[in-house]
Amino acid sequence: MINDTKVESLKRMSYIEGHLSGIRKMISEEKYCVDILKQTYAVRRAIEKLESKLLDGHLHSCVISGVKEGRDDQVLQELLELYNLNSK
Amino acid sequence: MINDTKVESLKRMSYIEGHLSGIRKMISEEKYCVDILKQTYAVRRAIEKLESKLLDGHLHSCVISGVKEGRDDQVLQELLELYNLNSK
Amino acid sequence: MINDTKVESLKRMSYIEGHLSGIRKMISEEKYCVDILKQTYAVRRAIEKLESKLLDGHLHSCVISGVKEGRDDQVLQELLELYNLNSK
Amino acid sequence: MINDTKVESLKRMSYIEGHLSGIRKMISEEKYCVDILKQTYAVRRAIEKLESKLLDGHLHSCVISGVKEGRDDQVLQELLELYNLNSK
């Protein structure tokens, strides 16, 4: 993993974990469901941004080296699988 | 909030927080990005299931009472807003 | 179905069908795949906007009357099912 | 565009266009909104499958040749952009 990807991803993870902890508090205190749901949507968006960062790092390291070393089939198959999982 | 919704939601939150903590460990240990991404997708699915549980409780409490008490416009507008946010 | 919902939905359908017909042409002419995919994403967004319009009409007609006539369980169960299908 | 991708994509387009035409009929005949929405969800899933087919072809042609010819930055940037658009 590229170091910049790792540092940035761990920073985003801290943000996500803090956000979730706030949501747990809202549920414990029985806040209005609509307000809780808006927060869970926001946390999913934050996870998607983390994924984009991780994918960016993956493309610029493993995918490039995979294609150059002739492991095209494997790395492209994985990309397609990720894409399809993300659409589900 | 209906008590069953609260208990079930907090249980799901614990699962989600544990899952995220496992993902943080994978990033720290620089596991293969494709494997990490599959886990972040799974955690987003788990959050969506939590949302479905919260929405179910909301529909059967606030929405019903809202419509019966003549606050249709407010509760339905909120539902539509949640639906649109979820599609984004 | 509320008449305004019907008129507006049919107008949106025409737009969507025209958009898709343009995508068919791009595939036939073997345009660059990235450009085609950006168009298919846009058409999905247009379908989501149609759905929001349809749902809005549904909430303000069938859901209200359903709750007022004591068919809460049915209309709320349908809403939850739609919500879950949309998250998939 | 790979010929197999083109043939398969046009076949899927025909299916999607037929499906949409059925949805237009449902709206015209003022069918139950919940039933219409289930069909619009299905058509979006069909478009996503078309996208997966198009992306598969793109990965195995333009992406491979792009990386081998040193245009890594361009093709990977496009992939990331598609991925992010798809998450929206």
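Chains: A, B, C and D, in written order; residue numbering restarts at 1 for each.
One rule holds in what follows: a contact is a pair of C-beta atoms (placed from the backbone, for glycine too) under 8 Å apart; a residue touches a chain by one contact, two chains touch by 3 or more.
Quick caveat: nothing in here was measured; it's all calculated off a predicted structure.
Averaging C-alpha coordinates per chain places the centre of chain C 16 Å away from that of chain D. Between the Cα centres of chain B and chain D there is a gap of 28 Å. Of all residues in chain D, those that touch two or more other chains are 48, 51, 55, 86, 88. If the chains shown are joined wherever they touch, the resulting network closes on itself as one ring, and no chain has more or fewer than two partners.
According to the touch criterion at the top of this document, the contacting chain pairs are A-B, A-D, B-C, C-D. The part of chain D that touches chain A in the complex is made up of residues 48, 51-52, 55-56, 59-60, 63-64, 67-68, 72, 76, 79-80, 83-84, 86-87. On chain C, the positions that touch chain D within their shared complex are 1, 6, 9-10, 13, 16-17, 20-21, 23-24, 27-28, 30, 32-34, 36-38, 40-41, 43-44, 47-48, 50-51, 54-55, 57-58, 62, 78, 82, 85-86, 88.
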